[in-house]
Each structure stands twice: as C-alpha cells, then as structure tokens.
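There are two complexes below, and they share chain A, which is joined by chain B in the first and by chain C in the second.
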Partner chain A sequence: MKWVILGALVLGLGLLGLYPLVATGYGVRFMLQLFMWVALAQSWNLISGLTGYVSFGHVAFFGTGAYAAGILIAVHGWHWAWASLGGGAASAVLAFLIGYPCLRLKGPYFAIAMLGLNEVMRVLVSYFEGLTGGGLGLSLPTLYASVEIYYAMGLTALAVTALAHLIITSRFGLRLMTIREDEVAAEAMGINTARHKLYAFLISAFAPGVVGGLFARDQGYIEPIAVFPLAITITMIVMALFGGKGTIWGPVLGAAVLFVLQELVWARFLYLHQALFGAIIILVVLFMPRGILGVLQQRYRLPRYV
Partner chain B sequence: MTRAARVPFLLAALLTLAGVILGVGLVPSVAQDPIRIGASLSLTGTYAALGQNQQRGYQLCAKHVNDKGGVLGRRIEFVFYDDQSQPATGVRLYERLITQDGVDLVLGPYSSAITEAVANVNEKYKKPMVAPMASTTSIFKKGRKFIFMVQSPAEVYLEGLIDLAARNGLRTVALINEDTLFPKASIQGAIELAKKKGLQVVFVEAYPKGHTDFSAILTKIRAANPDVLGAATYFDDAVAITRQMKELNVNPKMYEVTVGGDLPKFYELLGKNAEYVYGATQWEPELPYPGTKDFVEAYRKEFPGADLSYHSAGGYAGCQVLVEGVRRARSLDGEKIRGEILKLNLNTVYGAFRVDDDGFQVAHKMVMFQWQDGKKVIVWPEDLAAGKARFPTPAWNQR
Partner chain C sequence: MSVVVTPAMVGQVIVSGILSGALYSMVALGLALIFGVMRVINVAHGTILMLGAYTTFWWFHVLGVNPYLSLALSMPVMFVLGVVLERLMVRRVVNAPELSSLLLTFGISIALVNAIQLAFTSDLRSVEYLTGALIVGPIAFSKSRLVAFGFAVAITLLAYWFLQKTRFGKAIRATSQGPQVAMICGVNVERVHLFAFGIASALAAAGGSLVAVMVAIQPEMGQVWTFKSFLVIVLGGAGNYPGALLGGMLLGLIEQLASFFLTTQLSEAVAYLILVLVLLVRPTGLLGGRAT
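This part shows the complex of A and B:
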C-alpha cells in the first residue's frame, strides 16, 4: 500500500510540474491558488488539528508574511523568493511573541487571543502607513511571474505536507496528539506540553508567512482588508475539517475538493454560494466530524501515513 | 445503512448535483455571435451594494447599445462573475474570463483595490480595461498601457471650495482630514490648488480614523479664524465635525466636507445645521450631461426600487467609453481600441471623458453642491450649476 501511494504521489507531482507547459493562464492561476489553500489548510492543521488548540486568527500570519515580503520587495528591492522566506520568518517571530504567553491559556482563550491578534495586526498595518501604505495599500512593481510563483507555491504546499507527514509519524507528533486528547494526562506522562505546543505553533506559522509573501508578489498589490480578513481563516479551517483534521492528506483533500467546487458551482450561483458553503459546514460537522479521511480511516483502518 | 456508509452516498449526491449544475452552465448560447464583455464585480462581500449598482449600470448600457443595433453590427453581451469583494478572486476571474471563456473585451471591477490587482492580468493579455470605479492616482501612474480612468481622482475633491473661495475674495484656508490615504490625498491636492489660486493655508491637521471628539482641533481652528474650512472626511466624522462646529461656534464663511455630505442621511441627522454646508460628489442625477436624464429614467424603469448612485452612472459611462472605442477602432484588437480610447473626447452620462497618455482622467469634473432648504443644489462648476451658492455662511445663531 505504501508503495502504491508513493508511486501515485510521484506521478501526480510530475504531472503538476509539467502542467504550466500546457495550461492556460487561468489554469496556472487556478492551481496556484489551490496550492495556496492546501498550504494554508495544512499549516492550520499542524497546530489545531494535532494539538486541538483552535487558532481563529491564522490569517494573521498570512497577512504578516504578505506585508513583510511586500515591504522587502517594494522598498528594499529583494527578490521575491527571498522576500517570501523573510515573510515566513516574520510570521514565526510573531508566532513566538503571541504563542509564548497564549499557548498556556486553556479552553477558548487561545482561540480568542488569535482572533484578537489578527485585528491588532490589521490595525497596526493601517496605522504605520509610512511603511505599509496604510489604507491605500502597498503596490509592488509589476511583474508577470505566474508560472514561477506557481512552482514556488506548489513547493510550499508540498513542503508543509511533507512536514505534516514527518510530524504525524514521529514521536513529536504522537505527543502533540496526546495533548489534544488529554492535556493533563500528557503532562502527567512527563511531556513538556508548553514547549511542544510552542514548537508546533512556530512550525505552523512559518508556511502561511511564506504563502502570504508569494501571494503579495503574485497579486502585485495588498491592502489590510485583503490580507487580514477573517474569511481566510474560516476557509482554511473548513478545508481542514472537511478533509479530516489531524491527518496528513485530509487538509490537501479538503482544500482541493472545496476549491474546485467553489470554482465550478459557486461562481455560477452568485447569491447561493455562501449558503452552500454554510450547508457544507453543517453537513460535515453533522455526518463526518472527522472529515472525509477520518471516516475512511474509521472504515478501512488506513495506516497513519495517510 | 450505518452512519459511515451514508457518507459516500452524500458525496456522490453532492458531486452529481455539481455535475448537473455545471452541465447546465456550459450549454452554449445560440445567439448570433455577440461580442462578449467580461467583468467580475463585487456582488457579495464588503462592497456588494456598490458593486451591484455598478452592475446595473453595465446591464443598462448593454440593453441600450443593443437597442440601437449593437456595435460593429453585433450585439453585446456581458459575462459576469462575483469576486466576493476580494482582489485574489478578481484576479483569478479575469484570468478566467480572458484565457478560458475567451471574452472579446473586459470592463473594470469595483474598487481601487481590486482594480489595482486585476490590472496586471489585463496588461499581460493586452486587453484594454476601462475601470470606472477606481480613483486612486497611483494605479494609473505605474506605466500601464491598457487601463483607463473614468472618475476624478482624490486630489480634486476640494477644488470647488478653493475655486469659489478665491473668486469671492477669501484669503485664508484651514484644512483637516482623516488620517488615511484617500482623505490625505484630497488635502494634498487642496494645498496645491490653494497655492495656485493665491490662497493662504493657515492650518492643516489630521485626526485618526474613528475619531469622535473634534473639540481640540476645532478650538485651534477657531483661534486661527480662517475664511474657509475644508474637511476631507467620511460620513461619521463629517456629521460629528459639523455638529461640534456649532457647539463651539466655529464660523468660517465657507465649509465643505468631501465624502459623506452627499448622503441624504447627512441632512436627516443634522437638520437645519446642515444648511449652507458644501459637499463634493462625482455625479448627481440632476446634472445636465447628455443622456443623463434618459439614463436616470430608464434606470428607474428597468430596476424599480433599486438603489441609484454614481456607481451606476459610472458603470454605464465606462461601458459607453469602451463601446465607443470599439466603434472607432472598427475592430476588437486591444492595441487599436487602446489607441482610440486615448484619443476620445466623449460626453457620457457621467460627464466628460478624456484621458492623458497614462489613461489618467483629465476631463471629468467633480461637482460641489450646497445644502439649501434641505436639498442638494449644485453650485460649482459654473457651467453645471443649478443654483447660486448662498454666500457667505451666516453665523450659527442666525441660521
């Protein structure tokens, strides 16, 4: 089974690698944004799917990365690839600052703190307009690099999924899941829960920062309300839940299915799509709280690397 | 059936539904080869109300063009998508319109933010895009070739105030603004204009967004005793400043707010205290532009009860400009249409349209109105004025 999956993976990656050679501009852009959602859903999964600490403000890392990279590109003339990594680093620093105190909070407090963080970042970015352009947004020099960004975004999605694989199949991952199931018991077993949660959180914050940076470069223009909306957090949560949180391939599956559905169905029903989105959330929570993969795992006893 | 067994059925049902819907959507239209114009608009999300107004402008324009036999002998037809007020979605949808749906032409989305983002896509495919609802100067000054502005930029919002003040022999101006970039750009423009007209700017200060207590700033203005006060505002601050001016008896001979003063609610909230206040606007239904009256009537008939604002008229005008460009180019070639639009000197329902080599708007006039007996009366510029400005503004206790 492992070899079948590995073979399919290599084949799929090969096809995706060749895809820009034959695709239309729209096709490339579509897949690029699909990769973006895979990376975002997967990174949310790393903290919330594994430890059970639900982050309602993950978009804060996305937006921070977008602005950090945008400023590095527009003001300091960095190449977008380095600038995006810089965006990831900025997000990780932010994650440390907020995670160190807040991950000690239990229950809904962490979720709310993250929600607050997002608002704070949005206001800060609006406030320091000398640096960020404030409400008028930040304009990057025009550059047509969809195909390069496609590869970069694809690599980011792949890297964060590989990371999920590494973590979920490791002792570190097992400890995180122990925290999710019963934090007190985990502590009693001698797991340093605070440190584990913080590590998971830092890892989980890096990728959205990189993704934000690539997003900024691809769009060529960012503004506070476009990179800090609650909607992005909600979407990544729904995608991860839909596919199966706490699994390796769940967020990938969820992002792919929902994003394709959105493009096929929702773009054609102007006013219905939000209702459909809501309906899907309700159906998922009612019938498969562990997502598609969760259900399959229950039925077929899939191995942990799925 | 066990609970888990239901899941594949649910999924299958969902996918079948998607398939059916998609199939329906893909049935080709059998019309006689119309010209297809693509646009993605904010039909849901933050800008929904305004985006829908703009869409109705586009739709009405298509109807009118087709009633008159279309353009190049072909009907025009819109392909609309909803960008949910999000630039990223807009970018994807324009890419889709151009490379997948193969539309012949495109028109702009709603808002500066989304226009700025999608402009790169149109630039890449050399599709001329008339962008009726983007008024941020920088979008058009980045060396792009295929984007055209319809509205007046932020910098001229206070032009009427400065001009009228200079003509009435007033000397000193105080300016205040919300500390965000659109109001700030308005103030910078006003300072330049004041210099040109020989007025002296005696006071400039910004207040943070969300500010509600203007007493400190207004006390300073009272001390500076300017002839004219220009405030670059949005709605809430415009109301609060006017109210507190009365309380503190700040009494310039002319006082204008940029944004917010044009809403009927402004007068509803302030009542008599809104009298004599000047306001800036891009367009009003009463303006004597060619076709405006017919446009307003047709709009009310076609969309009974629907909101009508400058976004609708701007959308209509943007479509007018594009169609005229195509008509003169006698072709759907992007470069040719661009060349013709750059040469256009057109009078639309939204006012004059003429752009410089960057596609930046140079002809459209902002208008200034004054609240008079509960009505907005356009008092500037002279050639569009429906009445005379009541000047000077009397003291608060004599209104």
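This part shows the complex of A and C:
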C-alpha cells in the first residue's frame, strides 16, 4: 500500500512538472492558484489543525510576505526567488513578535488577537506610504515568467506538505497534538507547551509569507485590500476543515475539491460563494468534524501516514 | 509632532471617550454574557450588531420610521435570531473543544455577512437623521452620539438590574460561576444558555441601531465590533460583568486619546497593542480573577 501511494505520488509530480509544456496560459494559471491554496490551507493546518489554536488572521502573514517581497523587488532590486524567501522570513519575524505573547494565552484569546492582527497590519501598511505606496499600492517591474512562478508555487506547496508529513509523523507533531487534546496534561507530562506552539506557529507563518511573495511577483501589483482580506483566511480555513484538519493530505484534498468547484461554478456568484463558504464551515463543524478524510478513514481504515 | 494641549482639548477627549465608551460597554456586556455562561467566544457578535444596523436602515428608508423607534424592532428580532442560533447550532458545541465553537460562530458570521451583501450590496449606507453637534462652551457634543449615549446607558443599566435583581438574572450569574453547581441548585442551564444568547444578541442589535445613526454602515462592519467587544472584556476581565462596563469606558478613552495624539487610522493599532500588552501582564484581564 505504501509503495502504491509513493508511486502515484512520483507519477503525479512528474505529470505536474511536465504540465506547463502542454497547457494553455489559463491552464498554468489555474494550477498555480491551486498550488497557492494548497500551501495556504496546509500552513493554517500546521498551527490550527495540529495545536487547536485557531488563527483567524493567517492572511496577515500572506500580506506581510507579499509586501516584504514586493519592497525587496521594487526598491532593492532583488531576484523574486530570494525576495519570496525574504517575505517568508518577514512573516516568521511577525509571527514571533505576536506569537510570543499571544500563544501563552488560552485558545479564544489567540483567535481574536489574530483577527485583530490582520486589521492592524492592513492599517499599518496603508499608513506607512513612503515604504509601501499606501492605498495606491505598489507596482513591481514587469516580468514575463508565470511558468517559473508556477514551478516555485508548486515547490512551495510540495514543501509545506512534506513538512506537514514530517511533523505529523514525528515526536514533535505528537506533542503538538497532545497540546490540542489537553494542554494541561501536556504541560504536566513535561512538554514545554509555549515553546512547541511557538515553533509550530513560526513554521506555519513562514509558508504563507513565501506564497505572498510569489503572489506579489505573479500579480506585479499589490495593494492593502488585495493582500489582507479576511476572505483569504476564510478560504484557508474552509479548505483545511473540509479536507480534514490535523491530517497530512486533508488540506490538499480540501483545497483541490473546493478550488475546482469555486473556479468552475461559484466564481460567478461573488457573495453567494462566500455565503456558501460560511455554510460549509457550519456544516463541517456540526456534522463532519474530521472532514472528508476523516470520513474516509472511518470507512476504509486508511494508513496513518495519510 | 507638537500638539499644544489645552484644558478644552482634554475635556473634549474625555467627553468623546465616555460617549463612545458607553456604547462599547453595552455591546461588550452581551459578549461577556455569552462567554460567562457558555465559555464560547461568539465571533458572530459584531455581525448581529451589523444586522441591527441594517434593520434600522431598512425601516428608515422604506417606511420612514424614526431610527430610535426601530430599536423596539431590532432588539426583539435579534433576540429571536440569537435564540434560534443557540437552539439549532451553538448548543451542539458548548462542551466541545473551543476550536469548534470558534469556527462555528465564524461560519455563522460569514454566512450572515454575505446574506446581507446579497441583499444590500457592499455600498456604504447611512441613516440621515439627527446630524450636527451641540456646542457647550469649548466642547462639541455630536447630537447622534449624545442620544446614543443616553440609550446605551439606559439599556445597560436595565440589563445590569436584570442580572442583579431578577430570579432569572441570578440564574444566569450562578451559571457563569459554576454550571454544575447551578444545575444542582435547580437552574435550568439549557434555558439560561438560550436566554443569555438572546439577550446578548438584543444588546448587540441595540448597538447596531444606534451606530447606524452615527456613522455610515456596511456589511463587514461587524468584524471590528467583534474585536472591540473582545478587547473590552479582556480589559475588564472575561466573564466579569462590571468589568465589561469599566472596560468599555477604558477602550473609549484609549481610542480618543490615540486618535487625538496620533491619527484616527493608527488608533486601532494602538488599541491592538494595548490588548497584547494587557494580555502579557494579566492574562485574565484587569479585573479578572479566575483563569479558566
């Protein structure tokens, strides 16, 4: 069974690697966005799915990464690949500053603090016009290489998922899940919960920073309302929940199913599509708390490394 | 930036702070109530406030009803909505991990916000009633804020009296102090949950109706109010009802001070910074005792 899955994985990756050679511009763009959502949903999963600490402002890291990378490219002339990593680093620094105090708190405090963080980052980015262009936004030099961004985004999605695999199957991951189940017990067993949560949070913030940087490069133009909308956080959460939070492949599955549906059906109905996302959250929490993968696991006894 | 501070300016900051602070106290009392009895942070609290604002807007524009009279409609309607939400959904996650209740109310909030966007679009809407200000000496009182202050104080006092003096209010307080003991003493905890959610929603709706007259409204306004209400109960100590009243006043003053010395834009960032600092020093809030 393990070899079948591994084989399918290698075959799938090979096909995705060759895909831009045969696909249309729209096709490449479609997959690029799918990769973006996989990486984002997976990054939310790393903190919220594993530790139970809900981040309602994860888009703050996406936006911070986008602006950091945007400034590095537009002002300092960095190559987009290095700039995106810089975006990830900036997000991790922000995560440290905010996570160090807030992760010591009980879950609900953390959740709302993160909701505030996103608002505050948007306000700050609009306020410091000299650096960010304020409400007018920031334009990057033109680039004709969305295929390169396709590979970079795919690599990021793959890296975060591989990281999720590594963490979930490790002792570190087990400790994080212990915190989710019973934090007091975890503490009593000698787990340094504050430090574990902080590490998970830093890893979880780095990825959306890189994704934000690649997004900025791909779009060529960023503005506060485009990179700090609550809608991005909502989408990450819905995708991770729908596929199955706390699992390795759940966020990937959720992102794939929902992104395809969204592109093919709902994109035409802007508000209805958001309302539908709200309804999905409600239904999943009430009736399918472990997501699609959870239901499949119950029915088919899938191996643990799924 | 050098600002010459005169006594009149100080007076203006304090007056404005208290005027908006009373409103914060009323709205946050609802959130404190839900958190107190159910241990649920209701992320949809600000959304209910937004619905209250739209109720007032709609009645004003369609039927020309006096916006303050529409409180008599928005409060009972949102009370019923709150009760329905509790009965159908929130009840199922009360004892579940907090991840579930947070995500559930988040989902409810998104669904409601977008239903309103479908109905009213995202455009800014306003209720043009009572504009202008009352000038007393060097201090200006915005008329709509003054009336809102009056209503907020009256409604808050009424709610507070209800909690302190009535049998049902005592049942609510008993449940927040210890649901198990309350149950043993004959309190119908399920009914307390139901009514607490209803009352909290009515308080939020009152806030919405009053805000609609003061500033332009739009479907996503609720998020900021959820955050502010939470800030208030953190400042005052979560689950501590007098603390919510004090916290509201504090937030009003802090915001006015920040927008006076910095800019209105940055006052939100300052409020956030204060939240983080308070949580760092006192994780249970300024008046909070017990960490739960």
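Some observations on this one:
In this section, the second predicted complex is superposed on the first by the 290 of 306 C-alpha atoms of A that agree within 3 Å, B and C clash if a C-alpha of one lies under 4 Å from a C-alpha of the other, contacts with A are read in each partner's own complex, and residues count from 1 in each chain.
The working rule: a residue touches a chain if its C-beta (ideal position, glycine included) is under 8 Å from a C-beta of that chain, and two chains touch if they have at least 3 such contacts.
As the structure is a prediction and not an experimental result, all values here were calculated from the model.
In the superposed model, A:F277 makes contact with chain C only, not with chain B.
In the superposed pair of complexes, A:L264 makes contact with chain B only, with no contact to chain C.
When the shared chain is aligned, no partner comes close enough to touch A:M177: not chain B, not chain C.
Once chain A of one complex is fitted onto chain A of the other, the partner contacts of A:S126 extend to both chain B and chain C. Look at A:V147: by the touch rule set out above, it reaches neither chain B nor chain C.
In the superposed model, A:Q298 makes contact with chain B only, not with chain C. Once the two complexes are laid over each other on the shared chain, residue contacts for A:M288 go to chain B alone; chain C is not touched. When the shared chain is aligned, chain C comes close enough to touch A:C102, but chain B does not. Shared contact residues of chain A, touching chain B in one structure and chain C in the other: 126, 271, 274. Residues of chain C touching chain A in their complex: 35, 41, 43, 89, 92-93, 97-100, 102-104, 106-115, 117-118, 220, 223-224, 226-227, 230-231, 234, 263, 265-266, 268-269, 272, 275-276, 279-280, 283, 291-292. Listed in rising order, the residues of chain A touching chain B in the complex are 24-27, 29-30, 33, 126, 129, 133-137, 139, 142, 144, 215, 218-221, 223, 225-226, 229, 231, 261, 264-265, 267-271, 273-274, 283, 287-288, 292, 295, 298-299.
Across the interface of their complex, chain A is touched by residues 3-4, 6-7, 10-11, 18, 21-22, 25, 43-44, 46, 80-82, 86-88, 91-93, 95-96, 98-100, 112-113, 116-117, 120-121, 123-125, 136, 138, 142-144, 179-182, 185, 209 of chain B.
Residue ranges of chain A in contact with chain C, taken from their complex: 48, 52, 54, 56, 98, 101-102, 104-109, 111-113, 115-117, 119-120, 123-124, 126-127, 180, 230, 234, 237, 241, 271-272, 274-275, 277-282, 285-286, 289.
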